[in-house]
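Below: one structure in structure tokens.
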Amino acid sequence: MQYEDRVDALVAPKGSLEMLSQDEIFRLSEESGPLHDLFHRCSLAILNCGSDSDDPQAVMEEFKDFEIRIVQQERGVKLQLKNAPGSAFVDGKMISSVREMLFSVLRDIIFTQHEILARGLENASSDKLTNVVFELLRNANVFRRIQNPDMIVCWGGHSIARHEYDYTKRVGHELGLRELNICTGCGPGAMKGPMKGAAIAHAKQRMKNGVYLGLTEPGIIAAESPNPIVNQLVIMPDIEKRLEAFVRVGHGIVVFPGGAGTAEEILYILGILLHPKNAGVPFPLVFSGPKESAEYFEQIHAFIGEVLGSEAQNKYRIIIEDEVEVARAMKQGMEEVRQYRKAHQDAFYYNWKLHIPEEFQYPFEPTHEKVRELNLHFNQETHLLAADLRRAFSSIVAGNVKAQGVAYIKEFGPFEIHGDKALLAKLDALLQAFVRQQRMKLPGSAYVPCYKVITD
Amino acid sequence: MQYEDRVDALVAPKGSLEMLSQDEIFRLSEESGPLHDLFHRCSLAILNCGSDSDDPQAVMEEFKDFEIRIVQQERGVKLQLKNAPGSAFVDGKMISSVREMLFSVLRDIIFTQHEILARGLENASSDKLTNVVFELLRNANVFRRIQNPDMIVCWGGHSIARHEYDYTKRVGHELGLRELNICTGCGPGAMKGPMKGAAIAHAKQRMKNGVYLGLTEPGIIAAESPNPIVNQLVIMPDIEKRLEAFVRVGHGIVVFPGGAGTAEEILYILGILLHPKNAGVPFPLVFSGPKESAEYFEQIHAFIGEVLGSEAQNKYRIIIEDEVEVARAMKQGMEEVRQYRKAHQDAFYYNWKLHIPEEFQYPFEPTHEKVRELNLHFNQETHLLAADLRRAFSSIVAGNVKAQGVAYIKEFGPFEIHGDKALLAKLDALLQAFVRQQRMKLPGSAYVPCYKVITD
Amino acid sequence: MQYEDRVDALVAPKGSLEMLSQDEIFRLSEESGPLHDLFHRCSLAILNCGSDSDDPQAVMEEFKDFEIRIVQQERGVKLQLKNAPGSAFVDGKMISSVREMLFSVLRDIIFTQHEILARGLENASSDKLTNVVFELLRNANVFRRIQNPDMIVCWGGHSIARHEYDYTKRVGHELGLRELNICTGCGPGAMKGPMKGAAIAHAKQRMKNGVYLGLTEPGIIAAESPNPIVNQLVIMPDIEKRLEAFVRVGHGIVVFPGGAGTAEEILYILGILLHPKNAGVPFPLVFSGPKESAEYFEQIHAFIGEVLGSEAQNKYRIIIEDEVEVARAMKQGMEEVRQYRKAHQDAFYYNWKLHIPEEFQYPFEPTHEKVRELNLHFNQETHLLAADLRRAFSSIVAGNVKAQGVAYIKEFGPFEIHGDKALLAKLDALLQAFVRQQRMKLPGSAYVPCYKVITD
Amino acid sequence: MQYEDRVDALVAPKGSLEMLSQDEIFRLSEESGPLHDLFHRCSLAILNCGSDSDDPQAVMEEFKDFEIRIVQQERGVKLQLKNAPGSAFVDGKMISSVREMLFSVLRDIIFTQHEILARGLENASSDKLTNVVFELLRNANVFRRIQNPDMIVCWGGHSIARHEYDYTKRVGHELGLRELNICTGCGPGAMKGPMKGAAIAHAKQRMKNGVYLGLTEPGIIAAESPNPIVNQLVIMPDIEKRLEAFVRVGHGIVVFPGGAGTAEEILYILGILLHPKNAGVPFPLVFSGPKESAEYFEQIHAFIGEVLGSEAQNKYRIIIEDEVEVARAMKQGMEEVRQYRKAHQDAFYYNWKLHIPEEFQYPFEPTHEKVRELNLHFNQETHLLAADLRRAFSSIVAGNVKAQGVAYIKEFGPFEIHGDKALLAKLDALLQAFVRQQRMKLPGSAYVPCYKVITD
């Protein structure tokens, strides 16, 4: 028996009360306005939650007759859908989590537009940007009055092997048994497994308020549809604010195996932790995978050692095939974070004390020109090198799965990554390993690299 | 046994999670900035909830050593108080409702500052202002997803006789038994009685989520401290937005006996309902009091008839000494409002369809010059005459109990109200009756009028 | 406008899910069975909550066409009512608290029948009876997992003066502000005032789970209809188990002015506290009233001193016209109770440690013969004298307001109270004072004593 | 890293407030009393939730130093554990679901003892037994006020293949997406899979009150430890009351592949549905498994046809490898049940209308003598044959995994099943298939049959 392909529906919000002003409805309703486009695109990504594709273009193509419209009614706002993907429905009724997420998108687009467009952030200071991230998260009700830090960010690939996925579930289960919550980038693979494991563990612990926080952004959401366990979804305006949200709202990070995106995230957090101002800030960071992935982490570890040095290597711990130990390390780390925040009167719900250098905050839009300009040489401060390496990986993610990036590559060919010969050799080796291990794209077709490494 | 006069305390929010950005804390913390002054003033008014004074100057004087400061802590923001009025505490611990209100003030001041200062509303259109009122109320979580309109606004004097006060309690009790909620201006007298009666009735009906909504503004809060039953408090930025909030968020209005402020409110709602665009909009409006107040309403009724005509008289119903009938009329009115909103797909929680002419929206600051310019003649559209009469009464309220108005009167003598002879004669007679009945100020001293009526 | 006199209705339970077995429905449905009679009688008392009568016979007469029947339906059991008193309804819909109470009666009658009839308690040990009281209260969900003892029993007359009633409200308000809960015998007067005051105070403290516990029994419920603020109602099977419930579930007692019933309660608690086994058990006990009632307490105090001695006088404190002090004394007492229970590992929710002598547990049915046999002489242990004095007052209550007692008096004339001359003289003086002060019956008619004092 | 083997702990109840009388504590505390033994045994089974053994003797042996004791404390009763199995704990803290279940055991043992021992059920009528089952379930808070029947009983083996287990999860997921709840016998295998699938689906549907009801009995609990997802656990006093509970509290049944226990359940429900009095009662019944299990159901289907006839075959539907269709069939069946109950004013929460013949209600204790006496011949009413076939399978379950049955077999050799030759041939063939498919016991050792088939 099959689900239907397409469903028309009129859906009301559930839980969060979305009450829009006539202004807001008007702006989102302009059929061809940029806000309506954005809303249409993100909504489709969410409704397409049952899909296994990471090709946004294909999704747009498949559902090109999909329509979404806001309707004002007595008890609030409703959404009118036409030709929505059937996988978001059960016997014609939308799955509640999908319904919630649609309204989260609405909330975040409206708020972002108010805050960002109204104020203009072009030349904003680092502090200002940190405040903006805070306000976006606050508006999304992400902050909770907690007794103890408890939010574990899980990073890792959307395209991982079955045994790796099972391992992420087991880790999530052990984290959940210790009443820790999960935050991920909210796609499939390592972003879904920990939430699934934690959801079962939270049921065993009778935790009714377990949090499965998904942080995404308009560029990535189409390739990595939020999995339906996510019960808090936030659409950050760009990748840099999404990364800042991860490290300010999370109290610790577990990194699972992954591809270019995961490498980007590793360089982001290491670049920040290497900054002198963050020397004393505790930040539990564990790299972990099943025993079959031991070699993968050896490669990463070696790359970090060679490129960023042993100081960077000291910022994390690698744990192989031991989900209980991962969970205990995180639980123990939470206590250290708690002590530190109390001592410094810093909020539990937002890591104000962490210094994030501007290099990691300003939006980087990967064009061929910008990629060419990246400074990948050893003769600079380590955190600055980390910043540009981060951008290099970010470009590859864009070229792989983001609509804009894919379009650029199609038009102008692969990005050219220039830099120091020794450095690039290591980078190239790592990337080739990712390709071999099918971590760049979901399996199914041969991977055509979106980059070329060009040594000086 | 006596309560202590002054208490020092560190208080945390309860219920609503107030999590401030460092930006916001900084702005409110500047010791002599305008935001800090506003926050200090409103906080004192709330803490002074046990007081019977309507003299803001005296209150400021009495508690001139009161201090309030924001402190960032692990689980959120706290407030540090010094020399706070003892009536807000029980055995050294702040009463929860007072605590909630303090954080409501914080919320509204921050939001207003963001919205108003950031955007500039000087030349805003009528629609824009309506959207601003909406956003302020939404931010204060006033909107609820309800099955049926249920919010009854109760207007009436802060200075009323004991038998009038008891009657407002009885009306509130009957409204509460019918599971209706109460919204008032949140001071003593007719603003407290209905809430008290409804609170007992809601307990009998096992309604745990009864709403006692208080709408105030910085100018009036000091003279009319919110009574502690109020469980939703909103500080609107000015009197006009407060009035707009009343008529857009309320589904019906009961007017009890009162003085100049009540007259202002009556002229406001009649002026709006008389506008041709609102001809078909149902708006349950009842004037009610105990049998001893029958004459009072006869005077008002006659004044309305003579000044605004019988069409205005048709907009309301007068019910004397019959609390059950008042409640039934309102309950019945709710059903009509429901039908209308459904038919017009208008929200239950905000009356978008009601047209409010600009004359009732633009802030009117009563200076001697502005008062002199009021156009109190018959030869104009009725709703415009109502608008200027509303402003005349508003000026008298300011001169009676608002800090700024009292200061003006002290410096420049009484306001001079010019206008048509016949009209002013009626106005003067009404005002003199208010004075005789001690409705202008809380009893205790002889009332010195803050106005002079000067016929052309 | 008037409420309707009689209402027919089909009502479903709300909150507590009453799901009955077919056995139970059958037993309660037998039209003329003793259980159905009991249920009919108690239901009528509850529905008659708006009445001011304390004459059960008159109530039965007035509503002799009232009928109640149990109906099984898909979602549980409903009650079919015919000719129910209109005061239990608002515009044809039953007040929720009344509805809850009806189902409480159902619950208690079914459980009592199961437990009492099934087991037979005729020759039960003291321990057994204490366990039965426990099980009845547990079945009624009276027990709560609390952090601190907080249940204040308020005793006092159903027929008291207005200023006394207002004082009980003020005391209740101060108790409620300290987050203490209230337990009374659930009729009017001193049983209603404290709950009303506490309900408003709990609203101010945002306590949504304030408890207003009413303990009654089939004999008294008709004369003292539960007031609608009561949100937990328990029908104990007889007066002795009701009294035991008061002192085991309450953590402290405030006694307001009252008549014979109040005197019975005072002798009950003093008799128990005077027992040597209870020497070390802390039990906060305060007698309090407005300044006008000072003399009343002087009389009581003198009577206790003369009859039971100064040791008895040391068991309580008298506080006149100081509601804040009463509340502080109770709050302070709660802390002592807490320390004691912790030290002795006794439950917070049930005072297992208090020894109640059998004399206070066995049901005493006041017949002319039994009253004549009371041993009212000084030459016995104090707590035994207290026990028989308690029974003497209990008989007077029965003769005044209980259906069975009133019938006895009508048939056989007044009860004859025999005993020591000096003792009886003091008793008679006290009783005459109660008559003069109109504390025996609700005012309205001349009081005809139901007793004669006959000295040996 | 390993969990600890043994843990000592003092645990408090969570959620359900267990407040025991001193009587009850005393009775459960007598070290060698039968109640304490029962409590000890059931508690161990629950604590041993991480185990994969179905050998109760081995479990008792392994944890022979385990102790459990009731302790009275201020806020209620606690349990003192010594040498409890480590798998019930996470880092020394008991998993909440295990904690809840321990107190469920306590509740049920106390209540059963009160009801069963106190009343004596030896010669109870069929109606009486149905009322007892009702009261046990009511006391366990199983009944809910629901809008629509929604409780799907899932039967099937505790020892099933991986692909069968995965299929039960998929069926549970589809049931959960349709907001249906799950009831099973609460062990591993087919009793765990559907709950796990439903738990994830309920999370997606934001159902916070999903019910995972486990019904067990003292004889089976040791072999089939409740899985920790169970959030309502009831210990019925014997297997017949457990079976009655399944069919009265469930609204439909899905049968997955299983062994003798599953066959017992199939014969139980068919025997009842075949009774003429139940002709019109709708009872959705589906047999389902993955495609690899198609043959298994063909065998069962053939056996039913040959032994009970085609009428019996009409009572169920077989669905292979189509979880969506199973869920839709159940959802559709719920609507039929709803219509029927409404039309007959029968409760949603308890199927009073279903007639259960005494043969299926009276406890059958499988001794060698009783097994020999079973009447397995064709010349009798179909439902009576079903009843004795049910008992035959029940005996085999006892001989396989229940402590008492295993002991009998050890002492006296296999049970001897007598009967009609043709009938027994079919039975034997079925049983041998179960053995071959490893459905009798968890894999690991060779299965030694506990029965012999002896034809007349």
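Per-chain numbering from 1; labels A, B, C and D assigned in written order.
Please note the rule applied: a residue touches a chain if its C-beta (ideal position, glycine included) is under 8 Å from a C-beta of that chain, and two chains touch if they have at least 3 such contacts.
Source: prediction; values computed, not measured.
The chains in contact with subunit A as well as with subunit B do not exist; no chain meets both. In terms of their C-alpha centroids, the spacing between subunit A and subunit C amounts to 63 Å. Centre-to-centre separation of subunit C and subunit D, using mean CA positions: 47 Å.
Centre-to-centre, using mean CA coordinates, subunit A is 44 Å away from subunit D.
None of the residues of subunit A touches two or more other chains.
Under the contact rule stated at the top, the pairs of chains that touch are A-B, A-D, B-C, C-D. The residues of subunit A lying in touch with subunit B in their complex are 17, 19, 21-23, 71-76, 118-119, 127-128, 130-131, 134-135, 138, 143-147, 338, 341-342, 345-350, 352. By the touch criterion given at the top, residues 1-3, 14-15, 90-91, 95-97, 100, 177-178, 196, 199-200, 203-208, 228-229, 231, 322, 324-325, 328, 331 of subunit A touch subunit D in their complex.
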